[in-house]
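Listed next: structures, encoded as structure tokens.
Look at the two complexes coming up: chain A is in both, with chain B in one and chain C in the other.
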Partner chain A sequence: MSSPLLQVSDLDIAFTSPEGPLRAVQGFSLDLARAETVCIVGESGCGKSITSLAMMGLLPKAGRVTGGSVRFDGTDLLGLSPRTLSGLRGNRISMIFQDPSSALNPVHTVGRQIAEVFMLHQGLARRAAEAAAVEVLAAVGIPDPKRRMKAWPHELSGGMAQRVMIAMALACRPEVLIADEPTTALDVTIQAQILDLMRDLQKETGTAILLITHDLGVVAEMADRVAVMYAGQVVETAEVGALFRSPRHPYTRALMRSVPVIGRRTAQLEVIEGRVPPLERRPPGCLFHPRCSAYREVRDPRCTTEAPPLSSTAGSSCRCWLVDPEDLRGPEDLRGKETTA
Partner chain B sequence: MLSYALKRILISVPVIFGILLVTFSLSRLIPGDPCKAMLGEKATEATCQAFNHAQGYDQPIPLQFAFYVGKILQGDFGTSVRFSRPVTQIIIERLPLTAELALLALIVATITGVGLGILAARRHNSSVDIGTMILANTGISMPVFWLGLMLAYVFGVWARGTPFWLPPSGRLSAGVVSVPFYQAWGWQLSGGWAQVATFFSNFYIFNALVTGNWPVFWDALRHMILPVLTLSTIPMSVIARMTRSSLLDVLGRDYVRTARAKGVPDSRLVRRHALGNALLPVITILGLQMGALLGGAVLTETVFGLSGVGRMLVDAIFSRDFPVVQAFTVLIAVIYVVINLIVDLSYSYLDPRIRPQ
Partner chain C sequence: MTALLELSNVSKSFDLRAGLFQRVIGHVHAVSGVSARVERGRTLGLVGESGCGKSTLARVIVGLHGLSGGEVRFDGQPVQGHDRALSRRIQFIFQDPNASLDPRVTVGESIGEGLVIHGIGDAKARRAAVGRMLEVVGLPPEAADRFPHEFSGGQRQRIGIARALILEPELLICDEPTSALDVSVQAQVLNLLMRLKEELGLTMLFISHNLAVVEHIADDVMVMYLGRAVEIAPVATLFATPRHPYTRALLSATPVADPTRRGQRIRLEGDIPSPVAPPPGCAFHPRCPLATEVCRSTPPALREIGEAQVSCHHAEG
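Now for the complex of A and B:
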């Protein structure tokens, strides 16, 4: 395999607070190859969005990258000057966001916002940029694109607005598209349309997609590989098929059990007790142990004292003391080990 | 857009009618005889009868109102009791000074206020930000008359003999005469046109500008510096604070993040993506500040010995010169209506969300 297009290694992100720096993301690593789709999945507050913003250099003022690197096609994005980074953003790496209606500037027309991308990155004159914008609007399936160019964001439905965002993000045929919960604010039928659109455009342009979501349905639909995040750490990575067949980390398994499955009668959906611990009160040892059903059964002392490493084997990895790195089989095995322990 | 503007202008007509009704009613609601109120308690029966007849006070009230409105539409605001001169004449003499002062102050306050606000917001929490906000807070807390006196003292007295000296009173230096543009251009005017032309020629700076009379222009401008500085300090501070907080709010919005994500460089970000949104609330403030300017103009005119509307109005209230008070009340109310109209129209021009379809 050639070297990955986007390579995030050991990314640490901290927030300044009156009590000192709070580590929001610790040792986040991820590879993204050309034309590949990788999903980052996890609960709200686990650091998915912050991680994606950090890759783009868009962290809010209080946030700061304290370690690690984000290499894009060989260059470290974190070391670039603001000017060089602006030249890459929207051009070779693009991003779309959760709420399309607030992500578009209310006082500029749709056409002007898309045309600006062409003017910034391809040096087109206004006329030419507008013509190019009509083309991308048509490409994202907006009917009557010429007329829509003059529309204001508030005149668009959520689905239309997200299509405009996608048009804007894909205008320069970027190599990487980071999509932060792109369908969360949309209703289900529109969600499916938007996901289809992203997939179709990906086929056409070969863009690699980093998709951030909390929706396992979206993961199953879109991902080639998945990284599961919990409390600012990657706890498991795997091929999407392997992950759904045999999730290994207790958190991933709990996530899977909390989703209803069509055709399977479940007496009661499982709930993961408690919440993601807040930044200032992260537990010692494994960050997940206070909510972990496996820990409650096994009571391994390492879980409460030592942070488990992310151990990898052939294309997948898991951060849990209770999962044998060599073991690729899944939940049944853990149960077997529990009885022998 | 055009039809909206027309509709909005038409809506102003009943408002102005209402204003006329209120000012008219107020003058009739004053307890006692209007004659005694205006001419004083010692006015004799005969004097009062003549006065009431001359003023039309012996007519039925609705008819009086009709006459009143009719006369105002012809530009006749009645006769000043104190000066025995048409009020319109007084307006033509006094209003241009106050309008010039208020407009210049508004321009200065807007440019410096918005500029300082942007500076503070772009360097949020830096020493520049803190310094600017200390300046703005000081500006808001400073009484107009005190600031005026201090400026007059520093630049008018202290700095005498230095290049920094500025005239502390009056509109023009002794010996400098402003020639009305219609005389300079040899126009022969009479009646209403002459009055309109005189009104505009009393804007000395404007008059000197159009006639290209530079010595008068610079002299009038120099005389305006201290009053304008005094009058603009409070609105400038309010505008600076408003711009700063509004811009900070907008810079944290999702669409600004989108703009950065599509590669808009920082300098362009504020100019093209944030400022348009951030200035919307500032425009509302601008309209409201016009009121503060008119109020401040009274004090400023007093401190700098300028004979504008502000001082005239205060004097008229004290001397019970009701036609003058009534005329200026109507005038100020109409100015407010016009400012609100401008604010509304510019709002709907700048924000497509409230633009009528």
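Now for the complex of A and C:
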């Protein structure tokens, strides 16, 4: 097997605080191959966005990478000078964010902003860059792209602005696209258009997509593989079919049973008691144990004292003392009631 | 039997003003000719994308916005503007629990505020009522003396529910009550609303853009597009056999948390048109895969097909 295009190993991210450094993300590892879509899923505060920012060298001031590496096509991104890294960003690696209106510059026309990408990263002259910009606008399905070049960001609807963002992100045919909740602010029919667009472009260009989302529906639609995060750690990774068929980590199981699914109306949704522990009050042992129904049943002392390792077998991994890594389905007493009727 | 809430041909438009003298240059047609009824004890889900008029409709019902046309009847009586007696019988829960709680007032005072406004009970009785309400929504009695910032988003939404229910309203209007919450917390709030609906026999108008949530909680569903009701049907019927092309597109566009059901979606072209200048004929026709000449010229009426009411020239039984 060829080595992955993007390889994140043991990434640690800490924030400075008056009480000393707080560990926001611990030991995050992930591989992304060409033409593959990997989803990072988790609830707010699980560290999914901060992880993607760290990979691109875009952490806010208080944040710092304290360990690990991010290798892109053989080079460690974290060792690069800000200048070299910024040359890669927007060129070979691109990002799109949840709120397109805040990522577009309000005082420049849409056309100028896209053309700039070509001028900066590919050294095209203005005329050629503008022609290329019209082409990418057409490629993302914007009607009448020539006229839209002259539009200002405030004249665009949310879906239109997100298309422009995608057009900019894809302008240089990046090898990796990191999309952080790209459709969360959009209506569902527009979301469907944007997801289709990302998929079509991936088919054409072989771009690897890292998609960050809280929406299990979007995960099921888009992912080849999934990493589930909780409180700054990856707790489970699996191929998408396997994850939805037989989630192993108690958090993943609970998360899946807590969302209403069309066509499976139930009297009660599963509730995960309590809340994600804040950074300064992370519990000892397994970070999920205070909310874990499996722990409440079994009361394994390791759950409260020792941090479980991420153990892997055959393409999946799981961070739980109570799941036997040899047993893909997980122990009998943990299986619980299946969600499927 | 009369319905608790009955809407006949309800319309609401807002003036669009511009220029030095703020002259009226047009109208935003937020709600156009919506008719619906909600029987006691039932929950009507209201779905649609942004700008479809679902929140405006809710505000018209409680009299927060005046009507531009049509009639709203609550318990047989026409609703005209905001009136106090009515505000006790119809209560609201909003999307953002933070915005509806005063940060400087204890949770107990917030919950009991409605009782004070309507002059119900003395201080002691009110305090007891607040305690009972906290129990109903699953919060400890000590919560009454604490402040909103000490609670998580899900708990604050419970406080919002307690505040709405303390007046024992006959109709509860929930406007995107779980949209700002994480999924595990959303489950807590949905379970609570389901339980309250059972135990108290609540009548609800439940507004959401999330079809899965609406399927979970509603008895009947009304789908809105650009200010109009395009389809009204019992929940099982609507999800099993959606008849309006917009309903079908909406259902098909909703990602389902099941990778085996990944498949070809109905792709809707284009954006939702502006409610200032809605398209002539059927408002959905520019995006509709079935649109023909008649759709471009004649607005379809809501007609009955089986258990459903559908406003489409091409819908069949």
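In the analysis below, the second predicted complex is superposed on the first by the 330 of 341 C-alpha atoms of A that agree within 3 Å, B and C clash if a C-alpha of one lies under 4 Å from a C-alpha of the other, contacts with A are read in each partner's own complex, and residues count from 1 in each chain.
Basically, contacts are C-beta pairs under 8 Å (C-beta built on N, C-alpha and C of every residue); 3 or more make two chains touch, one makes a residue touch a chain.
Values in this document were obtained by computation on a predicted structure and should not be read as measured data.
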Report task. Based on the superposed arrangement, let me know which partner A:S311 touches: chain B (first), chain C (second), both, or neither? Result -> neither
Report task. Based on the superposed arrangement, let me know which partner A:V259 touches: chain B (first), chain C (second), both, or neither? Result -> second
Query raised in the report: Does the superposition put A:D187 against chain B (first), chain C (second), both, or neither?
Result: second
**Report entry** chain A: partner with more touched residues, chain B or chain C
**Finding:** C
Report task. Have a look at where A:D215 lands relative to chain B and chain C in the superposition and call it first, second, both or neither. Result -> second
Report summary line: Where chain B and chain C land on the same part of chain A: residues none
Query - chain C-facing residues of chain A, complex - result: 43-44, 143, 157, 159-160, 187-193, 195-196, 214-221, 223, 240-241, 244, 254-256, 258-263, 265-272, 275
Query raised in the report: Considering the complex alone, what residue numbers of chain C touch chain A?
Result: 49-50, 152, 154, 182-188, 190-191, 194, 209, 211-213, 215-216, 239, 249-262, 265, 267-268, 270-272
Query raised in the report: Which bits of chain A are touching chain B when the two form their complex?
Result: 56, 58, 60-61, 82-83, 86-91, 94-95, 97, 99, 102-109, 116-117, 120-121, 152, 154, 165, 168-169
Query raised in the report: Any idea which chain B residues touch chain A in the complex?
Result: 124, 252-255, 257-266, 272-273, 276-277, 350-353
